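Two complexes, one shared chain (chain A), two partners (chain B, chain C).
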Partner chain A sequence: MTGRVLHIELRRSIASWLGAIFLVLTLGLCYGLTGPWGKGSGAWLAQWASLAQWQRYFLDFTWPAVFALGAWQGSRQRRSTMDELLSATPRPAWQRAAVLAGAAAITLTLASLVFFAIGAVQVARSTGYFTLGWLPTLLVGILAVAAGVVAGMGIGHLLPYLVTPPLVGVLGFGLMIAAQWTPSSPVPVRVQLFSPVLPGAATAFVTVAGSVHIGQALLFAGLAASGFLVSVVRGVRARIASVLPLALGVALALAVLPGRPATAYPADPGAVALVCDDHGPRVCVTRAHQNLLATLAGPGRQALARLAVLPGAPTTVIEIPDSGSQYVSLLPRPGDTVQVDLNDHETRYWGFSRLDPATLEWSMLLGAGTEPCATVLPPGAGPDADLLARVIAASWLFDGGARPVLADDPALASRGPGFAQEADAAEVALLSLPRPEQVRRVAAVRQAGLTCQGDPLALLTRGSAFR
Partner chain B sequence: MLYARSRRLGVAMAAMAGSTVLLGVLGHAQAVPVGSTLSVTVASTGLMGVNAVLDRTASIRWPPRRAAHLIGMAVLAGLAGLPAAVPPGVVARDALGQAGLAGAGVTLFGGSFGWCLPFAALVVTYLPGLARIPVATWLAQPAGSTPALVAALAFGVIGLLTYSAIGRGRV
Partner chain C sequence: MAARVVGAGETAPAKYAWEIQARGLRLRAGRRTAVRGVDLTLGRGVHGLLGPNGAGKTTLIRALATVLRPAAGELELFGERPRERAGLRGLRRRIGYLPQNFGFYRRFTVREFVEYMAWLKEMPKGEVPGAVQRAIDRVGLADRADEKLKALSGGMVRRAGIAQAIVNDPGILLLDEPTAGLDPAQRMRFRELLRELGSDTCVVVSTHLVEDVATACGAVVLIDEGRLAFQGSPADLAAAGTETDLGDSPSERGYSALLARHREAK
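Here is the complex of A and B:
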């Protein structure tokens, strides 16, 4: 019998439309627009965890609509006085409400799963790193959406007016925008985490803390319970009492949710772990990028061979997780290692087009095999003296100055015509020196890159650390 | 008087007052899109009568009356921002465009879903991929932005024409 009622509700109510609208909106957003979800090593189709986190990010734009449409369903029930008709039947009110809420929850769950499955097909092709870390992110997201529609129905039932859906939709969206995660936001992190929205995976190496999942699950379970109770109980007192589960959920969530962004989105130790190739000089990549080990090994060994002309040359290539350019100054820099950040915003800006062997090898030689010491200015920001020294060292190592400095990196040519000319002039000056002095100066650039002290351009053009 | 009551004028006025308070409290230009959407979406539920069949039997010429209703709604929503410390030009532009979208929404989807289009316009404003396209994010553009003004005028005219000529949808 319940099955038949469910079938009727699926056809009669907004439930099927809700699932379809939700799915179409989410797919349209991520495939139709370009946004932060397509960038960096944490792009939504790059890793399993990224896919689940970006799916939560899209709730920013779909959750208020689900909430408002739930409110429409709840208010229509009351306005059309269908409840009165149905209350004449022997079936208890909670069963009817449960079947209706269940119908909406089923279609929304299906829509979420279909979206995840569509993304998963592409993620499975692009990464070899698989854990079940994405599962709680996805499940809490589904719970949040289901709680949204049930809470909407509750509010619609409580305030059965035409204006209720737009009112709650616009207010809900306004609140979610206001609570959005930004480092400078005045809203405390705990309160920001009340939103079903997650900020999206910045890199492939972050995950969502278990305390966030638990706190949000408690909160949304409370919201769903309150929404459901409001639509079934009668009488003012009972209605006031039905807010209790939500209050309990909020209190528990406040106790459980972490208070700092770094605790809420910690590093994923599994993704950071190294996978190494020891057939020859050692080349390692992070486990998140283990598919790229073969791609990186050839150019990495080539780069090591070219660096061997320097005294105290490095013997290992290791991929370091990209932790954002503001942390480069904190990076430990061992002298026997060439560190590679595949998303360092300099030349290796993550993208499959930039993984061809020649580009990779050239970019590993930048700064004679070192990472930049300061935030690299974005392309178009004008010349950057440190970058100039780094590319000249790379060109000297790569082809001994046989070709123009930027021949192998058209992306850097966007720093203006003066940049390429200055680089070529400085390289010609370097090549005019005796060979041992050239080696000494390039080695000094590597030392400056390892210690982050001294001016690499002055070291290269004058042989001393001062200009 | 009856017309005013049947078109939920009271609720609409309350929403506009609420939006004024919201803008006044926040006092920030970023609150304008939310405030104008709030007043217009709530008022849009009044764009349909209680009973369309009954309305059709009345020997009134509906198109001018519907046009007047929509224009009045835009003007009031625009005035709602005046007491707050936000640029009045932006409020007026947003109110005009959103009122037009509400009219088009009511024509397309009926009175209880007329809010869909202004609501969608609000959501689109905050989509990260569209931040550089002023026509798409017209609600949040600064005062004096020509593409935003053109978008608002276009939505206003389209909404006015469709709503006054056709009226509420049959959904």
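Here is the complex of A and C:
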């Protein structure tokens, strides 16, 4: 019979709307807008863990909506003047509230799972790296929205006024904004982690710490318990006492949640581990990108073959996990290796259309097979001497001046005609030199890239480190 | 719902003389004392609860529905005092209640609403579908059973309210102003239903329509200013009036006469 009543509540309460609104809103946000979730190696459709984390990111907007709709549902009994009739019935109030909360939790869970499943179809195609790291992220997210709706119901039951749901929505949104995850936020990290919103996966190589999951699960369990109790108990004292589970959840969460972002979002050692192809010169990619090994191996070996004209040429291609471009200057740079960052924001924006063999090979020849030393300006931000040298070296290695410098790099073509003219002029000047001098100068560019010392453009155009 | 164990008390023959028994019952409505010492014994049959507005009818019915706790005096329902929690739960399963201000969930269909109420009254799972259909049939809403309550007229909503009250075959059925909003034909049908229900149920119908009481009730309870003014049969009610009393029918004249006599006696 409870099943039958649950069925009635699923159809007639706000539950079905709740699930539909949650799903449509989430899908609309991630497909309808462009944002950080579509970019980088941690894009929402790139990795399993990323999908779960970006799903949590969208709670920024959907959680307050769920919270407000819960408040609307919570005021139903009073709005419908059902109190009198209900208070004469034998069934305990908690069972009534449990069925209603259960109906809402079921549709929200379904909506969360459907969203994850839609993403999962695409993630399964794009990555070969699978761990269960996404599971707690997803489950805690479901708990968070369920707790949100139950807490909303509690507030709506307590304050059954027309203004309550919108106010609750604004309050929820305010809380999300206040806890917004930014490195410079004045709010302590522990308190930021009270938010159901996760910052989204910056790269494929970070994960969410177990302590975050546990702390948040305790917090949201407390919130749900308090919301439920408020809906059920009678009397002022009992209502005040029903805040206790939330207080307990907050206390436990404070004890468990980590205090630093690096602890909360540690590197995923499984994702950064290398997978190598040793049939020929060694080419390695991270486990997170293991299904790109075959794609990278051919162009990688081509690049190594072209770099072989240089003295002390590299013999290995290794993907370095992108850890944010601000750290790129701190990388150790071994001379025998071509380091590839598949998300380096220079020419290899993460995107499958850009991973054609020629583009990959070209990108590995930039700076004569070195990573940039400083954060590279985004395309269109004006000429950049270092970039100019890197591109000319790549062009020289790639086709020896047979084609204009930027012919192989549409991303850099957007930097304007001045940049292209300057590049072509410099390459013509380089090619006019005797062959051994050309080799010496390109090797010097590689050396500058490995040590991050000297001016690569000066080395290329004048043969010395000074302009 | 898990199968309910039928308690011995439910199958054993009644151990009480009256479904409802009150002695010196005092009830508060907010800060006001609305019922001031009422002695009342009501058994099976239809009891019309009459009285002017503010006499304490609704307060009395709320106490009988176990919503309101007596401030003083004794109240026994089925021979038990509605006090301790466990006992209260058992009592409530055997009571049907239509509040004066009948609220309902607008998006529910008639059937869903009556089913929901049957669940709240902890009816055994197997009995619910049949009982719901029977209750809906009895109030004449069978053809509208799967329509949402918000689509129904006021009279039909009232009938849905009666359906939820009778769905658990209550031993005590409390109807507070059930005929409000019913058209004459519906009212006649309702009286018939009342007579039917009264054969094995203690029905208390509050109304200020004297005619309803005269035609459908086997007994009359008249209260005024929180006190019992008269208890007797409709015939006694009619006999109490004379041609000089206010009213268009013998019952109405009886009502006026009894009220006046009660007020004089104070």
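In the analysis below, the second predicted complex is superposed on the first by the 466 of 467 C-alpha atoms of A that agree within 3 Å, B and C clash if a C-alpha of one lies under 4 Å from a C-alpha of the other, contacts with A are read in each partner's own complex, and residues count from 1 in each chain.
The definition used in the following text is that contacts are C-beta pairs under 8 Å (C-beta built on N, C-alpha and C of every residue); 3 or more make two chains touch, one makes a residue touch a chain.
These numbers come from a predicted model, not from an experiment.
Colleague: Based on the superposition on chain A, does the combination of chain B and chain C result in a clash or a fit?
Modeller: They fit: once the shared chain is superposed, the two partners occupy separate space.
Colleague: In the superposed arrangement, does A:Leu33 touch chain B (first), chain C (second), both or neither?
Modeller: first
Colleague: Considering only touches as defined above, state whether A:Phe130 meets chain B (first), chain C (second), both or neither.
Modeller: Neither partner.
Colleague: Using centres of C-alpha atoms, tell me the angle at chain A that chain B and chain C span after the overlay, to the nearest 10°.
Modeller: The three centres form an angle at chain A of 50 degrees.
Colleague: Mind working out whether A:Trp17 is in touch with chain B, chain C, both or neither, as first, second, both or neither?
Modeller: neither
Colleague: Give one of first, second, both or neither to describe whether A:Leu85 is in contact with chain B, with chain C, with both, or with none.
Modeller: A:Leu85: touches chain C, not chain B.
Colleague: Now for A:Val5: first (chain B), second (chain C), both, or neither, which partner does it touch?
Modeller: second
Colleague: State whether A:Trp94 touches chain B only (first), chain C only (second), both chains, or neither.
Modeller: Neither partner.
Colleague: Just the number, please: smallest Cα separation between chain B and chain C in the overlaid arrangement, in Å.
Modeller: Closest C-alpha pair between chain B and chain C: 10 Å.
Colleague: Under the contact rule defined above, give the chain A residues that sit at the interface with chain B and also at the interface with chain C.
Modeller: 76
Colleague: Would you pull the chain C residues touching chain A in the complex into a rising list?
Modeller: 1, 62, 65-67, 88-93, 95, 97, 99, 101-108, 112, 115-123, 125, 128, 164
Colleague: Within their complex, state which residues of chain A touch chain B.
Modeller: 29, 33-36, 60-61, 64-65, 68, 72, 76, 161-163, 165-167, 169-171, 173-174, 177
Colleague: Can you name the residues of chain A that touch chain C in the complex?
Modeller: 1-2, 4-5, 8, 11-13, 76, 80-91, 96
Colleague: Would you pull the chain B residues touching chain A in the complex into a rising list?
Modeller: My answer: residues 8, 11, 15, 31, 34, 37-38, 41-42, 44-45, 111-113, 115, 119, 122-123, 126-130.
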